[in-house]
Amino acid sequence: MSIIRKAISRMRAGEDIGLDRSGQGGRQQTINPDGTYNLERKTGRLFGNFFLYHWILTTSWTRYWFTVLGFYAFMNLIFASIYMIIGHDSLNAMPDQSFLSRFLYCFFFSAQSFTTVGYGAIHPDNELSNMVATVEAFTGLMTFALATGTLYGRFSKPISRIRYSNNILIAPFEGGLAMQFMIANELSSALMEMEARVNIGWSEEEEPGKKARRFQQVKLQIDKIAMFPTSWTINHPIDEESALYGKTLEEMREMDVEVFILIKGFDDIFSQTIYSRHSYMVHQFVWGAKFKVPFHVNEKGKVVMDLNLVGEHYQVNVPAPVPQSAATEV
Amino acid sequence: MSIIRKAISRMRAGEDIGLDRSGQGGRQQTINPDGTYNLERKTGRLFGNFFLYHWILTTSWTRYWFTVLGFYAFMNLIFASIYMIIGHDSLNAMPDQSFLSRFLYCFFFSAQSFTTVGYGAIHPDNELSNMVATVEAFTGLMTFALATGTLYGRFSKPISRIRYSNNILIAPFEGGLAMQFMIANELSSALMEMEARVNIGWSEEEEPGKKARRFQQVKLQIDKIAMFPTSWTINHPIDEESALYGKTLEEMREMDVEVFILIKGFDDIFSQTIYSRHSYMVHQFVWGAKFKVPFHVNEKGKVVMDLNLVGEHYQVNVPAPVPQSAATEV
Amino acid sequence: MSIIRKAISRMRAGEDIGLDRSGQGGRQQTINPDGTYNLERKTGRLFGNFFLYHWILTTSWTRYWFTVLGFYAFMNLIFASIYMIIGHDSLNAMPDQSFLSRFLYCFFFSAQSFTTVGYGAIHPDNELSNMVATVEAFTGLMTFALATGTLYGRFSKPISRIRYSNNILIAPFEGGLAMQFMIANELSSALMEMEARVNIGWSEEEEPGKKARRFQQVKLQIDKIAMFPTSWTINHPIDEESALYGKTLEEMREMDVEVFILIKGFDDIFSQTIYSRHSYMVHQFVWGAKFKVPFHVNEKGKVVMDLNLVGEHYQVNVPAPVPQSAATEV
Amino acid sequence: MSIIRKAISRMRAGEDIGLDRSGQGGRQQTINPDGTYNLERKTGRLFGNFFLYHWILTTSWTRYWFTVLGFYAFMNLIFASIYMIIGHDSLNAMPDQSFLSRFLYCFFFSAQSFTTVGYGAIHPDNELSNMVATVEAFTGLMTFALATGTLYGRFSKPISRIRYSNNILIAPFEGGLAMQFMIANELSSALMEMEARVNIGWSEEEEPGKKARRFQQVKLQIDKIAMFPTSWTINHPIDEESALYGKTLEEMREMDVEVFILIKGFDDIFSQTIYSRHSYMVHQFVWGAKFKVPFHVNEKGKVVMDLNLVGEHYQVNVPAPVPQSAATEV
């Protein structure tokens, strides 16, 4: 029996992802609204935790274009300088005027080689510049392979536009209480085989005056659905095993509860698995409420999903939580 | 015991995907024949649920080509205008005649730069136009990266050409009844590790005069097969736990039964997971029938699969369904 | 008890993949040595089960190059004809001589536009031909997107070079018998999380004079391994539940046993799941033998894997199979 | 009971990956620090276990660039030779001087065709050379498809920069002992759904004087975590079923214990599954120690992860291992 208990307690053990640390107030939210972690990473090495491809896929569009265009200009400056160094004979019809006009002439030729547009009005005029141009066209093709590849990678990156309700509700459920939030599919994309995993973290006194964070993976009424065209209300029945069992909203505030959510699914258009992370802090809890249904059937018998209704709720009566003392007796 | 019952009932709980709503007649089919959902999505924002890459992968070929060619023409119009604005010296040998012929001259040069074909008969003739051409070749390369990438994405998109039988049969099975439909692999592609999930939805009186939809994920005799070269008859034995237990075809019609099917597999040629969705309405049910085998061995000992036979069936005698009253007693 | 029995029997039910049909002799092997199915597919429609991308990925290199080069030539013939139709002014310096030389001149210009090489020595000389060239460069870029994409797709297609032993051995195992075959990783690729699934098919008399094929998924001693650097002997202990229990090699021959194998793994270099299919017929069975270990430690303490030893075996004594009558009593 | 025992023992059976062979000292580590296997592969055929695409994805950058540039030069040498063979009329303005300058002229033209830069200052001057140039531009496009594809493939290959602690600790755990090591996520990449599998290998006397290697997959306290932003201490409680139960560090040294680790996860930025392999030898074991926590909360309430602290540990007291004799009695 104790073995089974142990097994269960292990199975239900929450995940300490290492971010939700301090037991004191003033904690920052563990997962940012965009799904990234609220975390600073220190490493001994310069660029120790930098990986170019990751950066290029995830940086802002402004930075991306700045980087790509900057690199294009930089490469052309380099090759233009080489043609300048080779000398006046390197290209045909090199202008005699100022240094700047000669440099621009070389720069334009470089760009025409680098992009392989090669009008030919400017062309290499001796063997050395011909050799450099041979290398530049190769370099250009390889460079644009990375530029166009990353552009397409960014463009086609699967995104999960999952909308979360602003609040977590404590709702009546099967004679007791349940913790509920709603997610909705913002895109027309076919998300399949959705899975939800929910952990809660809270503070507990380890020794008098010293609080520590505890974690629990909570049981969900349904944790997998096969199709997700509209919305899904994820429901954690607050039973005896739940860390929230018998707690009032006040007590939850004192416990500094945070709810961590991981949603996983398969995007049938991208043919790829997507993830969505989210966290709720205790000030987002609403006691005694139920979500409105965010879709209705129109006059033609067609279902209409209204994304603006996702998370809308109305107050309901709920039973008082079982007093803590009674709960521990069970 | 009640805990086990509850656990089972949860496990077997059908999925309410939010589409099969009204309990009245005149309902539209929930899943369209092409696997998309029969659903309208409302959002407050303009383009709120629009995602360009999804659209480009899934729109019709006509719209795709119209968009890509239109964008190509549009970009060339923009750049042609810029060369026009730069003036008569922007390009060599600019024609003196009409505005139109000058504009076309610029347009053709633009196209030759944008595609990097760069014949050179027309080429930039001053530094400003040279600079614009430098930018245009870059823009062209990046634009064609998206155009060719999406073209290849559409071309290589894994498709699941799974043929469904036109009907669902109520067939005799192990002394009782079973609900059966057949799927077949239309392509020679190697589909592996197929999985089937079947839900049924039906109307039930909640309160007198008010019907609501209920859902159940039904038990399949076999829900996974490793290889799928030919066809697969998916078989739901209608046992005591099934919502269809003891029902006659009349009763099923009254219940307005709809069957939702999700098929999943791995395409060994694409190396990707594919999904297929389908739904049957009650008018597609056939009572007392069995599917014909859609393949035979030819004179050389080779198996021949005939896709035209998929779904062909013949009438058989079936036992009467157990009366509802008897069923509920169990 | 009967419920559990049923559950087990269902769980263990073999998969009828629809290919291993005839109960008579002269059957062809179900899975070809290259992993494709020995199957003919009939469809009412022309090209009914043809999917271009599948064909292009899986056809021979000869046919691939023939198709791609043929299409390149064909497109250039089309565009060359258009330039011919436009007339003598379409291109500069059009030769006056023979029709052929004019056509070749157009053909070469077309190729230079289609590939965007655009030397410019030949260039469009009026607005109509300029417009056609604008379209041709676009067409060329889009066409080469498919050509280069499919080339790379073929080049980078994950392959599973899994070597199967030529024979299946009936070997002594834990006091009884086991059916064993060996697979080896032919490449240095890192195959991870290998899974094996083995089904057997055999003929049984349904009614006097009429044989039918039966199938069983057999139990393996180990059906998953995490790493697969060398070889793996897949071992089916022939216990009471096995269809081969108590059978002699003679009886297996009479049963016309065929063994179907599905191997699945993850290629860590390609980052993709790969599958391998194989089947053994009864003439490949060897009674009373064990596989030699295909690797040894060399003088430097390094393990050396010799692929030529995969499947090598030596004779051993095995216990007589339990007589059929005794087996059925259990 | 014996059936259950057998089932358990099978389930827990370690994986013999075929590399950790000799029971004698002087063994080399089974998995190299970079995750590759310490293995030599022999095959009868030349290039028998060589697969070009694998090699190109995994070879060093130096070799990669050497190969690609070498191939580019080689192709241009071939085509230059063809233009030379066609003769003095093949290209316009062919220089009359030395053989070398004529060859270079052809070489540069070849490069300009192969890269499709096509300045046109050099262009084909007769029909034969025009035809060759038509083929060369095609060849160049297809060749660069492979070159740029592999470049991007290398650039975008998912890497798992997982840092392993230098040591395995034998730490106190729930009144007994546990074997622990720590892994950390070196990148800011979002690794999800991490799984760990740990096998141990050791030597045992089979017959007097003859040692053989045995293997066991060990039980982990937690073998899956959903999110992995920081670090994870993987913990094997050394209970009665563990091969290390009741062993002292001396005994483990005698057993020549090696620990094999497989980590699996999903990289949410690459949208791909990644694997990491590692092995520890017995000299990396530390008796009676615990890992320091490698992160702290800074003054702003933000968690700071310090990768340099991963694997840092401090000594602690541990209970003596249960004597071997007592253990075997259980």
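A few remarks follow.
For reference, chains read A, B, C and D in written order, and residue numbers begin at 1 within each chain.
By definition in this document, contacts are C-beta pairs under 8 Å (C-beta built on N, C-alpha and C of every residue); 3 or more make two chains touch, one makes a residue touch a chain.
Values in this document were obtained by computation on a predicted structure and should not be read as measured data.
Listed by label, the chains that touch subunit A and also subunit B are C, D.
Residue numbering at the subunit C/subunit D interface overlaps only partly, since under half of the positions present are found in both copies. Subunit A and subunit C have Cα centroids separated by 37 Å.
One finds 26 Å separating the Cα centroids of subunit B and subunit C. Under the contact definition stated at the top, the residues of subunit C that touch 2 or more other chains are 112, 116-120, 144, 149. Across the complex, subunit A meets subunit D through its residues 10, 13, 15, 17-19, 21-22, 26-28, 35-44, 48-49, 51-54, 57-58, 92, 112-113, 116-120, 123-124, 127, 130-131, 133-134, 137-138, 140-142, 144-146, 149, 153, 157-158, 197, 199, 260, 262, 264, 272-275, 277. Subunit D meets subunit B in the complex at residues 116, 118-120.
Across the complex, subunit A meets subunit B through its residues 68-69, 72, 76, 101, 104, 107-108, 111-112, 115-121, 144, 147-149, 151-152, 155-156, 159, 161, 186-190, 192-193, 221-222, 225-231, 266, 268-269, 271, 295-298, 300-308.
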